[in-house]
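Structures incoming, each one as structure tokens.
Shared between the two complexes below is chain A, which has chain B as its partner in the first and chain C in the second.
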Partner chain A sequence: MLIYASKRFGIAVLVAITVSLLSFSLIYLSGDPAMALAGESATQEDIENIRRVYGYDQPLVVQYTNWLTKALVGDFGYSNYMRVNVADIIFARLPTTMTLGGCALLFALVLSIPLGVLAAMRPNTMIDRFALSLAVVGQALPSFWFALILVFWLGITWQVLPITGTASWLNFVMPSVALGYYITPAVMRLTRAGMLEVLTSDYIRTARAKGLRPPVVLFKHALRNAIIPVVALAAVQFGFMLGGSIVIETIFAINGLGYLAWESIQRGDLPMMQAIVLILACFYIVLTFLADMLNAFLDPRIRVG
Partner chain B sequence: MIRKLMTAAAMVALAASLGTGKAMAGKANDTLVWATDREQAVIDPYYNNTRELVIIGQTIWDMLLFRDLDTGEFKPLLATSYKWVNNTTLDFELRKDVVFHNGKKFNADDVAYTINWVANKDNGVLTYKNVSWMKSAEKLGEHKVRINLHKPFPAALPYLSNAVAIMPTGHYDNAPKKPDGKPDIGAIKPVGTGPYKFVNLKVGESLTMAKNDNYLKGSPKGQPQIGNLVFRTIKEMNTQMAELLTGGLDWMWDVPKDQAEKLASRVQVVNAPTMRVSYIQFDTNGKSGQDFFTKKKVRQAFAHAVNRQSIAKNMVGGASVVTHSACHPVQFGCAQDVPQWNYDPAKAKKLLAEAGYPNGFTFDLYAYRQREFTEAVIGDLAKVGIKANLKFMQYRALRDLVWKNQTPVNHMTWGSNSIPDVSAITSHFFSGGRDDFAKDPDVIKSLEIADTSTDPALRRKEYKKALSKISGELYWLPMFTYAKYYVFSNDLDFKVTPDEIPRFYTAKWK
Partner chain C sequence: MSNILEVENLVVDIPVSAGMLHPVQGISFSVGRGETLCIVGESGCGKSLTALSVMDLLPSSASRNADRLILDGEDILGVDERRMSDLRGDRMGMIFQEPMTSLNPAYTIGNQLEEALLRHRNVPRQEARDRAIYLLEKVGITAAASRLRQYPHQLSGGLRQRVMIAMTLMCGPDLIIADEPTTALDVTIQAQILLLLAELQKEFHMGLMLITHDLGIVARVADRVAVMYAGQIVESGTAEKVFGNPSHPYTQGLLDCIPIPGKTKRGAHLGSISGIVPSLVGDLSGCRFHDRCDYATPECTAADVDLKAGESTDHAYRCLLSPAQCAENAKRKVPA
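The block that comes next holds the complex of A and B.
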């Protein structure tokens, strides 16, 4: 396990270094960063001053090392547009996005895993068809459209849920459902497929022949094996929801990280873009690493192989 | 880093565990909540050039003068009287009973400080065009001040009543420094003398203002009635409407015509003119690489092909009108008896054939605002055989392309900062600057005369000459005036004004 963990950790570190290089190079995508920061009415003197103050006159290797060293201790620079340290605004908005992503993932898992298990236990029955229909609708329905339907019925017509903001847990219900429903089909199909395969395997037949109770066979022996790819998928989807919730955050006026990324691109807020890309990518890397570890814990064949 | 992550984790738990929060808008809470789609990071009318800050600027701050929209008359506000000493010198007597929100008494030092700060180009004022005509200000007495102009500037009074907010002495002096050593204006607490005072700002979310109970008695603005004003940023129009219908919002604008009409049975809906105009700008020099529009007949064909009347009435709203000159009809000097281009598709086809394009051509049309209006233009052009590829982008990106002369045709709008004078638009675009594709010496000369003359008759004459040339040569195709749909709560007594500056300080509950 230790050797496997070390290998995966090494790969994660290499990916993180590659991502950091890409994030760093973002600042040069729009040309001269000193000119971009100085603004439209800046004089050559202003531009040179900014170049010196921000260290853009140093060799690229030195710039990258300085930037990475600061980033590792949470110093991502200063946002000229927002007039704050980038880290302050990101860490202020991160909880909102984490809450939204976590709630959406919870909703997706709570809905899709039981449905996937039920569908696998009763293949080609009404339950299976219902689960399949739910998956098809979830896959086909654009999340913004589903969000607006929720707003119309739950927010305007019945007025049971608040529409915008993050003032209470109730504010997160509609956005979580809208965001989580989008990943439900993938998780459900994977659970169903895994369970179908596992339920027809020899060791399950043996467990049943030993006279074990059906719930024990199902949850202790079958689901534990079928859930392995779901864990990996859920980790990746969580990463997707952290960075990809722009539309949902816009509709429900939630000031999260995804929305901040979109705004920063529009404003040309380069330090903010760099930091968001780096942080979200690191989340992906950490989540993937954790998923690998969990998979290895659940299935010894992985760590041996 | 670890501490920040732990703080973030704690905030996740806190965010999830907070109790139910009810919307704070409405009469019951004495809080008027209004929303737009733009977030405001800097609350200072000199360092933020959005429409929201024009509105907030007149809410938190006062100007020396006040323009009565009903009569067009300039009334004293922070000043008690004014006098032109000569063409470049303007003296003001000031009120003695005005107090800033922080308790400081207002006097001539504040006016001199503000004007000397904003007129200094080194201080990086974003709305510099609004103040660049002032050279300096000097204190003549405790309540008397003199403003010196660079040269005669007849539009001084409109600017002084709309765009020159007075800050307390030393307002910008103690601003924290940014890493580049410049003052961090956004970190300064906004302090004015206006009817509402700043309470707090949550960047990206909201700005809260409270009624100034000590507001100047006898102000031509009147006395504020509603206890609190909250500006919210809600990006999505449908979400704004949903909040309005469920009591989370009291006021919104820019609602599309079809949706506004559907809301009319549930809330108050008003369509009102604004100072914003729509126009098409042609690359008359061919610098963009597409040289179709260097030919006047092609520009004429374009003008005859577009049904501006239909777009104005059917898409923009009943208060919109077609314009014929490169300005807004209510602005001083905006002559409309200039060469006009009526809707005539047959004539457009004939002109195209004469220009050498009997089968039309394909070009890139750039736009940034109300995509549906530009799509209507494209539809009309298609009927005469001209195919336009729509390049729709953010304003900032398009403006940069325009400045680099990379757009063959761009569909733009301009709000003139609500300044009721042609100098705020025509002179801005046709005085030979980076927005001026044509750089016509006759136009530049006429505008120079009109912009610096104090003789109204001469100004009208020269502006008309310039505007006639612009329309005659079709450097621009003026399109229509904008009209906005305002939608607000049935509880709100709110008067819509024609200059796109909602006066929330006059609003009250029914």
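The block that comes next holds the complex of A and C.
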């Protein structure tokens, strides 16, 4: 187990380094950063000044190392637009996005896993068809459109839920549904496929031959095995959701990381974008690592060599 | 000898795209307490489905019918799933063909063994653990206590099958059904496992229904033998009668396929039964074996052939030929 965990951890660190390289290079993606900062009417001298002040004249390796060592202690630099430390803003907004992401994931899992199990237990029945159509619709609906539909009906026509802000937990209902619904189809279909396969396996027959009750057969023996690929998928989907939260937060005017990312892109606030990309990517990496650990816990073939 | 299992006129039907499949067509047998019944036959003759019928573990598309299905005096034909699951694992256990996949990869051996006892008996976990260790030692597994913490993927096929055997013994069942328990194992392990089963069966005085196509083993462990062909029992009786006086042409053919050390000449062709098993889809009539039989006559296809008594009691076969003719054929075919 320790060997497996340290291997996975090593890979996670490597991926994190790669991601940091990518997000560092963002600053050069849109041309010379010093020129961009100086503005259109700046003289050559101004540009050189800015280049020196911000350290853009140093070799790239030095720049990267400086940036990374600062980032590691939570210093992401200074937002030229907002005139504040990037880290302050980001860590103020992060909890909102995590709450949204967590709620959305919870909604998605609570909806899709039981549906997937039910569909697998009664294949080609009404419940299976219902789950399938839900999946098809979920796959086909763009989340921004679905979010707007929710806003229109629940928020404006019937006025049962607030449509903007983060004042209470009610504000999180629609965004979580809109965001979570997007990953429901994949999780549900994988649960269904996994359960279908596991339910016809020999060890399920053995469990029944032992006289175990159907719930024990279903949950202890079948679901535990069927859920293993779902864990990995859910982690990947959570990453997509963090990306999707940019759209959802913008629609519902939720002051989270996604909304901040959208604002920063519009303003060309490069240090802010850099930091957001890095932090979201790191979250994704941590999550994947945790999913690997959870899988190792569920599947002894991974854990015990 | 009181019967632990009585099956009368068991029929299994499975709808398939080509029509109705009749894998088991009215077979009857019984297993006595402390008795070993071997069911012999080639692949696809309905042996496994017969076993699964008794356990009520048939695939959901299959339908099961019988005149009588009695386990230890209790009619289990019409009982509900709840009662059936009380009996499964407690009064009767089953060992499957594929030890590699028959254990749940996610749980330890100990967990899966203890679970079998804890389901049916209200005993503390420690007692279940002790019983598991005791039985693992019984089935010839060394360092049993430490095995409990191992997972199936850490054990070889032979060990896993021993674990499966121990698992079926957890509640001390009256009947064990072993469905080709050695087919997936190394040849060197096969005999060990079967002899182990036979030993345990004697020690715990259980009924054993052993499904196999290893006739050598049948000859060594069986009290009674039922030969199945195309969903029917074509010959049944005590092991001595069936092996000493094989009457049905199919049984004779099977025995003819076995090389006998010292008798079969080196390099000589082994016996074989030409042709293939008939399709069991749709309406069937006449002797199922007629198109592969050396002695077939037009009469054979006219109507279904019934089981009839052989030359002695405790012996029956499903053929139009008289016992004397059968004995004559046997002499020519099977070197005594």
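Methods note: the second predicted complex is superposed on the first by the 295 of 305 C-alpha atoms of A that agree within 3 Å, B and C clash if a C-alpha of one lies under 4 Å from a C-alpha of the other, contacts with A are read in each partner's own complex, and residues count from 1 in each chain.
We take it that contacts are C-beta pairs under 8 Å (C-beta built on N, C-alpha and C of every residue); 3 or more make two chains touch, one makes a residue touch a chain.
Model, not experiment: these values are computed from the prediction.
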item	value
Side-by-side fit of chain B and chain C on chain A, or clash	fit
Touching partner for A:I50 - first (chain B), second (chain C), both, neither	first
Which of chain B and chain C A:R224 touches, first, second, both or neither	second
First (chain B), second (chain C), both or neither touched by A:L14	neither
Contacts of A:L29 with chain B and chain C, given as first, second, both or neither	neither
Chain B versus chain C as contact partner of A:M82, first or second or both or neither	first
More chain A residues in contact - chain B or chain C	B
Which superposed partner A:V110 touches (first chain B, second chain C, both, neither)	neither
Chain B versus chain C as contact partner of A:G211, first or second or both or neither	second
Nearest Cα pair across chain B and chain C, whole Å	33
Residues of chain A contacting chain B in one complex and chain C in the other	none
Parts of chain A lying in touch with chain C, wherever the complex brings them together	201-203, 205-213, 216, 221, 224-225, 298-301, 304
Chain A to chain B touching residues, read off their complex	37, 41, 46, 49-50, 53-54, 72-74, 78, 80-84, 87, 89, 91, 94-96, 98-99, 102-103, 148, 151-152, 155-156, 159, 162-172, 250-253, 255, 259-260, 263, 266-268
Of all residues in chain B, those that touch chain A in their complex	1, 4-5, 7-9, 11-12, 14-23, 39, 41-42, 124, 128, 178-181, 184-187, 203-205, 232-236, 238-239, 242-243, 245-246, 248, 394, 396
Complex contact set, residues of chain C against chain A	55, 57, 85-90, 93-94, 96, 98, 101-108, 115-116, 119-120, 151, 153-154, 164, 167-168
